[in-house]
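Okay, so subunit A shows up in both of these, paired with subunit B first and subunit C after.
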Partner chain A sequence: MQPAIAESTPLPNRKKTRRNWDVWLLLLPCLLIFIASFLIPLLYLFIGSFHPFDSTSGMGEGWTLENYGKFLFDPFYLGVLWNTIRIGLVTTIAALVTGYPDAYHLVQTSGRTRNLLTLLLLSPLLISMVIRCYGWVILLANNGVINNALLSLGWIEKPLKLLYSELGVEIGMVHVLFPYMVLGIVGSLERIDPSVLRASQNLGAGPVRTFFSVTLPLSLPGVFAGSVMVFSLASSSFVTPAILGGPQVKVMSYLTYEQVVVLLNWPYGGAIGFVLILMTTLILLIYSRLLNQSKTGVAIQ
Partner chain B sequence: MNRTFSKWALRGYVSLIYLFLLAPVVVILLSSLTETEYVTFPPKGITLRWYAELLNHPEFIQSFGLSFGVAVGTALIATALGTLASLALVRHDFRGKAVVTQFFGSPMLIPSVVFGIALLQYFSWMGLAASPLALILGHIILTVPYVIRLVMASLVGCNRTIEQAAMNLGATPLQVFFHITLPVIKSGIIAGAVFAFITSFDDLTVALFIVSTDVVTLPVRIFTYIQYQYDPIITSVSSIMIFITILLMIVIERIFGVGRLYAMKNAEEE
Partner chain C sequence: MSYLRLHNIVKTFGQSKIVKHLSLDIEKGEFISFLGPSGCGKTTTLNMIAGFLALDEGAIEVEGKPVHNLPPHKRSMGMVFQNYALFPHMTVYDNVAYGLKLRKVPRDQIRQRVQSALEMTRLEALRDRFPKQLSGGQQQRVAISRALVIEPTVLLLDEPLSNLDARLRQEMREEISLIQKQVGITTIFVTHDQEEALSISDRIAVMNEGRIEQVDTPEKIYNQPKTSFVASFIGEVNRLSGEIVCTTEQECTVHVYGNTLQLPLPPDPAGKGPATFYIRPERMRISRVKPDAYPAVAATLARKVFLGAKTRYVLQVRDQQIVAEASDSPFGISDLLIDEQVYVYWEPKDLLLTGSGV
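On to the complex of A and B.
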């Protein structure tokens, strides 16, 4: 996940052995706080997910695999897992299709225009997620902006159910994650050597042919990076499905919240949480595998 | 002919995209001016009464104060811890470095909702009640990975020969740090602090599990309010938060450039 950090080569250190203790002194405050309020809480949650549920105290005595079994063998919960993956996929594809032309345009601009457009693209990221989702509530509600506009144009007869539907969640997620996709694609479009494009044109390819035979294939690593980023953020996000989907649109993160806060079933909430972690980790692992493969592929060429 | 057409088509499309990106924010800002008792867009009439109405809702002001305090605390502590750790990670070679680096980056791999419930169960196990300190602890974990990334990036570009020159001329390690290293990596540190502030100030997912009836951050207050109410007071609260964000954005843009900040934040994808 962090090649940028791992690859930074330190300068040769003359006093390596003597200096060693002050390295740990620098790391100590951070390490302590990470162990105390990150590692131990997660371990505690993990251990808790192997305890049975107890209706009086929340967490019962003894050990069990029941919480994981309940998830893996119940069609309802597997359905929620599938919902999460499906919403993630639809969001990723929608962000890719809408984001590619935008990235393509951004790369062609330069100077002040480029700065301004980048700022506009990124500005939603800095505004609170809760607030942006609330904006979408106003837009998507039954008597909201979009429905009112469509009704007065006479295109629909009764309001579309946009809010508290899967479509609403997907619209909100594309909005939230759009910049990540565009930045990913811009990253690899920028790296395309302009002389390759000129070569293609000199060899007689028109703009369309050049785009499909040269630009698009060369930008695939960025498309891939952006897609994985968007998919993994979409499948673990909580705010958007909670506000725009509510209890009607069940996804993994909302299910975890509901089990823990509403039903007070802490062991089961923990188990669902770890299934979610497993899922996102798997995606990222596959991603880094494929990325390594594509890198060696380029080297061979 | 065909060329110009496709160029204009692309421009038109891009304008639509920016309209889509800005729509929810614009809708909130304009709806906050409505004279009606309910949220409507376009607003009917123009009034600032929903901003004045906030004075009758001390709970929002209280939540704002709490969120602000937590965000400042998080930014200060996360930046200090993250900067120290970055110095060790960039400047020194030691056993277990890769593991430590991975460990400090790992909060980004854990869905916030899972971290939130982990903290909820942990704090109740330890008998710790919801408090600003508990919120700060959670937010430090969320923000340190970004601080480390930003400060490390500025440290890598920092030339060590100047520091060695200062040391040869007799400066103590602390003098070198404050007079040479710190000014050079200042922009990375400030960017990290601003980023930590924004992340903490906006966080709903983790805070939702730590809050109690008296300790409620602003995003949690808004989240619970909109589940039951549909009056324009939320639009005025949100508008004020948007204005604060815009101010902060101008600050970052001046110091650092928002584009560079996000490029660094997403450096893992490169």
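On to the complex of A and C.
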């Protein structure tokens, strides 16, 4: 933010480089694990996705774009991509709409109440993914708790298709990803100086106006952080769509699994994985651009 | 009738009463300071005027109309916060324009009024900057423009200078005073810094433990403190213990360290008996010989501190220390030595008698 000051004083600069060394040293263990178990395999997979499939060895010789071509010109695969993105977007929006009021309330509390609410908020993360999903199966099934209740109340005539549908997947996903959204928003709401809100009121803005003119714009970085986490986790999730979506709801991670583990087609599995990474990154970039444009100050923040 | 009227205000937090039956009348265009130590209730009172805190008892009136039941956004009070509280996501221009946009002022008028507000505080060049790109003094000026541009009924300043360094503080103090005179706006300035309060206020309300101890002009606060708290909080004082003896209703004398003085005025009937008197260090004088014309008391020079513009003498008088201050060539005598036997004396009129608490 203040490059002029940093450049005009050489002494702190030298100090800064030395401190940078310390930082790198501290990062080293984490960095090594990251490189060895994530970046290198990812690179390997990326290179592999340009090899042809060989039924005996899995990965054949030579170079080809066939894997990507197969994906991009097949309506079935494109449909799965669109499903995945749609589930990600719906989950993110639902988590945002339900999470924001929650975060807003959480910031107002303190002490014991706050600790209890935070524990409650994190509770979905304390239960195993599979167990939580089967819990939702009991609730969402055709003769499950929700349908039975609605039927006996006479509000519906035949069971709603909640389980093995996209809606079911989204419900289960919001449940588990919601805490990430709330924590992201709480982080930026907490950083808002309360006197800024008072200043807004003092200048003539009521509570609603103050929220939309001051609180909301200042919390956008948290909204962004939460959305990034929820969207990327939702669009890459595997267990929840598999259990709650069943065979009808196919997502990208399932396709990758199918190719790599069932059909042993590593090159194509790699290509599908990379298409997903690319799309997710692209959507997040567009999203951050939109947020930055709507409120210039967020970039400064 | 007064412009802003605080009537019998009470505020309680839990068990403790922070503001105790506070009443004050403020005239239009007046610059009044709330001065007191931290925890005296001055900021609480300011927040009640702005509407951020509800009153437990009492009333606040502007031009005879009660405002204490209005929410803050309907009170039209301009406030400058201690940390300025600028909107970090808006430029200087948008910060200042914020209040006008809310008032649905036509766009060209907004531009005009923001422009003149920025000119008044010398900020035109910085209008497109964000608050984080400004220095403390510049942020301060944005906060003042933002509060003034809405033409509020009252300007409230909550320790606005406490985050600035010493030199800037003095500069901003003068600037605030100038702007206030120029706009002619009724202003309440909350501070714990007596020098600030003394230098810019029309009147000062000295507060202590939720009460106003004295409301007066700076000169009167300093020279005629009404309570012992005011005497010792504003400036430095020497305390002398003595006695007030009245022979008749009209004739009372003060006995202090073997001196008998005529009182200029008969004291409060309650003020009879043992009493404490105050004398400012700069009113204390030192002499080698006992002066006949003045009340005096024998003393020993304990310490001498040269402070540049003045010199500080710490004297031992019986079991207490008395401080005298003087500019150069003190008291017409030179080379006072440590442990030298001298006399401290003063003019009878410089003996401060506080109305209560003596």
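Note that the second predicted complex is superposed on the first by the 211 of 301 C-alpha atoms of A that agree within 3 Å, B and C clash if a C-alpha of one lies under 4 Å from a C-alpha of the other, contacts with A are read in each partner's own complex, and residues count from 1 in each chain.
The definition used in the following text is that a contact is a pair of C-beta atoms (placed from the backbone, for glycine too) under 8 Å apart; a residue touches a chain by one contact, two chains touch by 3 or more.
Everything numeric in this text was worked out from a predicted model, so none of it was measured.
When both complexes are overlaid on chain A, the residue A:P217 reaches subunit C alone and has no touch with subunit B.
Touched residues of subunit A were counted for both subunit B and subunit C, and B has more of them.
Contact with neither subunit B nor subunit C is seen for A:P75 once the two complexes are overlaid on the shared chain. Contacts of A:L203 after superposition on the shared chain: subunit C is touched, whereas subunit B is not. Contact with neither subunit B nor subunit C is seen for A:G111 once the two complexes are overlaid on the shared chain. By the touch criterion stated above, A:G62 is placed in contact with neither subunit B nor subunit C. Using the contact criterion defined above for the overlaid structures, shared-chain residue A:G154 touches neither subunit B nor subunit C, since it reaches no partner. Once the two complexes are overlaid on the shared chain, A:S195 sits against subunit C while remaining clear of subunit B.
The interface of subunit A with subunit B overlaps its interface with subunit C at residues 1. Here subunit A touches subunit B in the complex through residues 1-6, 8, 10-11, 13, 16, 19-20, 23-24, 26-27, 29-31, 33-34, 36-38, 40-42, 44-45, 48, 98, 101-102, 104-105, 115, 117-139, 144-145, 175, 178-180, 183-184, 187, 207, 225-226, 229, 236-239, 242-243, 253, 256-257, 260-261, 266, 269-270, 273-274, 276-277, 280-281, 284, going by the rule given at the top. Looking at the complex, you find that subunit C touches subunit A at residues 50-52, 71-74, 76-79, 81-83, 85-90, 98-99, 102-103, 130, 132-133, 146-147, 150. Listing the residues of subunit A that touch subunit C in their complex gives 1, 193, 195-196, 198-206, 209-210, 213-214, 217-218, 295-298, 300-301. In the complex of the two chains, the subunit B residues touching subunit A come out as 3, 6, 10-11, 13-14, 17-18, 20-25, 27-28, 31, 39, 41, 80-82, 84-85, 87-94, 98, 100-115, 117-122, 125, 137-138, 140-141, 144, 148-149, 152-153, 156, 160, 198, 201-202, 204-205, 208-209, 219, 222-223, 226, 234-235, 238, 241-242, 245, 248-249, 253, 257-259, 262-263, 266-270.
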